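Structures are listed in the sections that come next.
Two complexes, one shared chain (chain A), two partners (chain B, chain C).
So, the complex of A and B:
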């Protein structure tokens, strides 16, 4: 009898103790960072904190290699196997929203009022995704190089003009100290071209697509400004200022550090390693080619899958993850830009630290890539056109062909939903 | 015509020299991979412009291997690939040889037409059927210990079953079986053997070379699988080695760890080849088929 009482007590107690865990609804989440130890550690910590902070939801994560993540998501969408929470690259978000992979975030946009614009994924007037960091590109240089070549240090308020930038490249080339004046990372023909180089085109006054309608690239990618950009772009390679498309893949990691290049166009994810190797490295703003100085914006963001049966739970997690302490943790861990000024203040590199310049660059110069579902195709067309021009193709013909290809894609997709 | 021994020796020397040079071209990437797997990234990248890239010199350590195991569950990926590949190879040898036996020795209506259709599947790229196949396997039923399930995604069987039978393997067996002496089969039948006994007591014991060829070809196809597991497996616990390679390509690529991972996943391939080396070379001589 006594034993029975004890057993009954144990069963009741364990049932009561387990009750909150049993009541938790499981949310699945997919993430692009498999193999990234630092990101995984921070994200797992956030998930662990979230799961213990409340009794309604429990999040489980499945990480994928970044290079194949989008393909995995597309296949899962076809098979009706999407998770609740999806990680999505900023410029790809409109495509996933349009294709029905994502649903609008059930969170008031005002909750992210102080986030950098590039970290918010808005499509068709609705907020679909929010990023826990942003990335920025800058012109890496040595202060000693600027001094030796007699070059003015450009600032956000007074960036180099086209003439000053050309003069800087000429001076570096004439010095004979460098194999090339400029490293652009030309071997990486994935999305790097549209992210890193379309801001040059935009600074000339052109664009990948006409953003006023998103229904054509005519005029934007082959107009006068784009032609001028194309000729300038080609001159970088024909003039021997930068290595072409067969550039050594290692150059982005070692070329500038090893003194092979005077300047390097690179992202802030390489900034920490470069600072460790180069004492007097300076991160310069993009040159102004006439229509303002621009850099790309928009990195990985979290959204809610259209198939999720628990969007309110997924939204709870995204709000939880968007706390300043986690934004700061990501920034300290991987060097990327925290989305809010308050989070920046909590970081070691952005609260007046050596990378603070990237926050300012992102705030002042950043322009998101074309916000259209067609971007995924347009980026590939743009990449091919720039590679062809770098390899000596006729500028006007190449840009016209790119416009035709982009317009045909927009037409075959009935305008991608742009009204 | 008399052979000048001196000229013969010289010709032999030149021939071997040329063959050795060609062999070096094939071996260099492997030597580079293995040597680089022991070097830190800075040295690895600096060495690429010199012959040092092919030599185990400088700061040599196992750090890249430790790093590779920290970054990804390498053992799990290799185990998954070996399991999927091994099972598929064994089932493929059985099913395809049985099918080929039927095509080669049995007389049945529509045999030649069906064989033509099977061979015609060789010209269809897998990419063209990947999506329909994905939709199919995502709806297939399966009865497990915990009852009936719908959908095969995130399993070993989805990586195995669609790859068991293929036109090339059946064709290889058919060609080999047709070259076997017909008297052997007839004699077995006269002695009272049924077709099953002819298959496993007469034909299969004579089929070592084609079994080795088919096994190696299937092994290479399965071990190098990328697209199919990428779209049907979302859980890390079922991922094979080629999808796992993606873990090493971050914004800052750890090249030394990439080389260490590649070296590790090459080991099962080399072991498999060495085990079947003699039979494979014999099969090249007898079937004319190379991997």
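So, the complex of A and C:
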């Protein structure tokens, strides 16, 4: 409460001070986290610190709900109303850069030399965006569950194999203690599917698109490895291990904590809240399905819109926000991975704390999603294919159809500028 | 054309002007934009130049063909059967992807039937669009009569001068006032497959005999579930329109009917129903148009799934235009939808004309 009061005071004070101070140039910024209290609080703190720290710029922020954020930006881009500073999801960045809505960051890359690779948005050899955090996904479980079911605790060096993972799910199902063995968060058909589930496909040896050329998905999304992945994926639902696409939206928040599931495939932004509620929670690395164990990388990042009249001001702000103390604040608040080792040292959870495992996971397993402007469409096609397969569609036909759609889209966009 | 309305009604036209201006800017103009865009390959975000492509988008959406798959035969000409004795057919993709049939490229199976030992497959260049088209028609065909008649029944029920009747009017009207997004979210919990309200009630009523159904998660129940919820949500709105119509019927007609000794049914059939003629046309047209515009419920509750069982035209238009950044494809669906709704409205007007 005290902090809120203090903050309100700062905000009110700054607005009162800024209104007559015409010397300051106004910069606008859009953010995806409307309704997310902790995130907004930290970001507002950064903004008010920035606005009072210098006299050239004032940043004002407008927040959008995550679900409609990308649509809002697309509509605004079309209407020519983009803000100066844009919040952009890592894998979407190439699309916006290619379309000419972002400009390369007017900041020397050496400023971000020690940032985790997943937090730097690079397209066509230029740095376009930089993230104040990275995110990672892990298999949430209780140590007591592992002990009870007699399961080996997997490590980064020796993750579960496909057989061990299946055996674990079987054991959880057979115990009869859980509604389902595994929570995958299937109701969230926005970016979650490609972020959380495409690493499974990659671990089987397939991919959403052929990354050597980015010209086709043939062979990557419908080859032997992908077919094997598809069959395994379908078996999760036909075998009753995980709830399907009609899953309760609240499950990712409360399902595991409430004991509905033995395992949960979830992001580290839920880690702090889960640790508070579950004493013996452990964060396990992704299983290895044959081609190495993988998780997704790249989260939300800041960039400068191409139409901005004050890129140097936007760059000032991004540099200001990328200070270690703010990186640490986001990490402490939500559990996100701090991008620099020095920031990690300042956090509660990553300086040898319980979440340090995520830092290692991110370093060892992380694979960014396909770096191509076509990713936006490819993610949609992939999501629909996975939802359909989960609902019982023929695996081979669905994957073939997805490949056809992705290839047609790449063709109608003249190859998305890949040479 | 020269009448009192068009000539000596300057004040009226002045008052209508702001409305006309808004309708022109936000409905008529975008509509012509949509027609224009549907003839190009415009993308939502793209540095590539826009090109005129003629009717290609329409062909891409509406393309249909029938192919015949013959059984696979071994060298002796016998049909190959699998372990279960089913006849084996070549994969459809062998045809749609082969260079021998360039006209079938990229097409997929919509539905098939067995014809002797062959399989006839209807392939569409856009299966999802075809499913959306069928679902949308199904939705309108069920919702229009059911919602219209339920609304009429409610209107008849509350068209009495009883103490506290306004309470019932308010209750029936309440769902209309609540945002459709909120209503959809709530019904998502009601329909929940494990411990949703609907399953719990049905189990309690049948003493546990009822097996829980995953209403939104199974292709056979998802669309009916959306229909039921949509009917409930908007029934109050049409009830009010019916009620307005009921109250324009002169009480003297009812008195005359009572004196003549008409039964309740006869009063309804020969006094009430003829008096509601224009109201009925309005309600029918409005429900039909709202039905074709089905979007929010789908977006919140099912995302078009499971297995495309709840895809609709407007959902697809938005999904393509914004989600897949294919604004020309989305525009094409909008134009097709406009043509359908226009045709149906004209037919309805013709069927319900004054004879």
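We take it that the second predicted complex is superposed on the first by the 396 of 419 C-alpha atoms of A that agree within 3 Å, B and C clash if a C-alpha of one lies under 4 Å from a C-alpha of the other, contacts with A are read in each partner's own complex, and residues count from 1 in each chain.
To be clear about the criterion, a residue touches a chain if its C-beta (ideal position, glycine included) is under 8 Å from a C-beta of that chain, and two chains touch if they have at least 3 such contacts.
All figures in this text were calculated on a predicted structure; none of them were measured in a lab.
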Partner chain(s) touched by A:99 [first = chain B, second = chain C, both, neither]: second
Touched partner set for A:413, first chain B, second chain C, both or neither: second
Winner by number of chain A residues touched, once chain B and chain C are compared: C
First, second, both or neither for A:401, with chain B first and chain C second: second
Touching partner for A:360 - first (chain B), second (chain C), both, neither: neither
Which of chain B and chain C A:332 touches, first, second, both or neither: neither
Which of chain B and chain C A:254 touches, first, second, both or neither: first
Touched partner set for A:109, first chain B, second chain C, both or neither: neither
Partner chain in contact with A:71 - chain B first, chain C second, else both or neither: both
Which of chain B and chain C A:273 touches, first, second, both or neither: first
Contact residues of chain A, present in both the chain B and the chain C interface: 71, 75, 78, 248-249
Chain A partner contacts - residues on chain B that touch it in the complex: 41-42, 45-46, 48, 70-72, 131, 134-135, 138, 151, 153, 230-232, 234-236, 243-253, 255
Touching residues on chain C, where the partner in the complex is chain A: 41, 43-48, 91-93, 106, 108-109, 188-189, 191-194, 214-217, 219, 302-303, 305-308, 319, 322-326
Interfacial residue positions of chain A with respect to chain B in the complex: 30, 34-37, 62-68, 71-72, 75-76, 78-81, 248-250, 253-254, 258, 267, 269-270, 273
Chain A residues touching chain C - in the complex, by the definition given at the top: 71, 74-75, 77-78, 95-96, 98-101, 179, 189, 243-246, 248-249, 376-377, 380, 387-388, 391-393, 396-397, 400-401, 404, 408-409, 412-414, 417
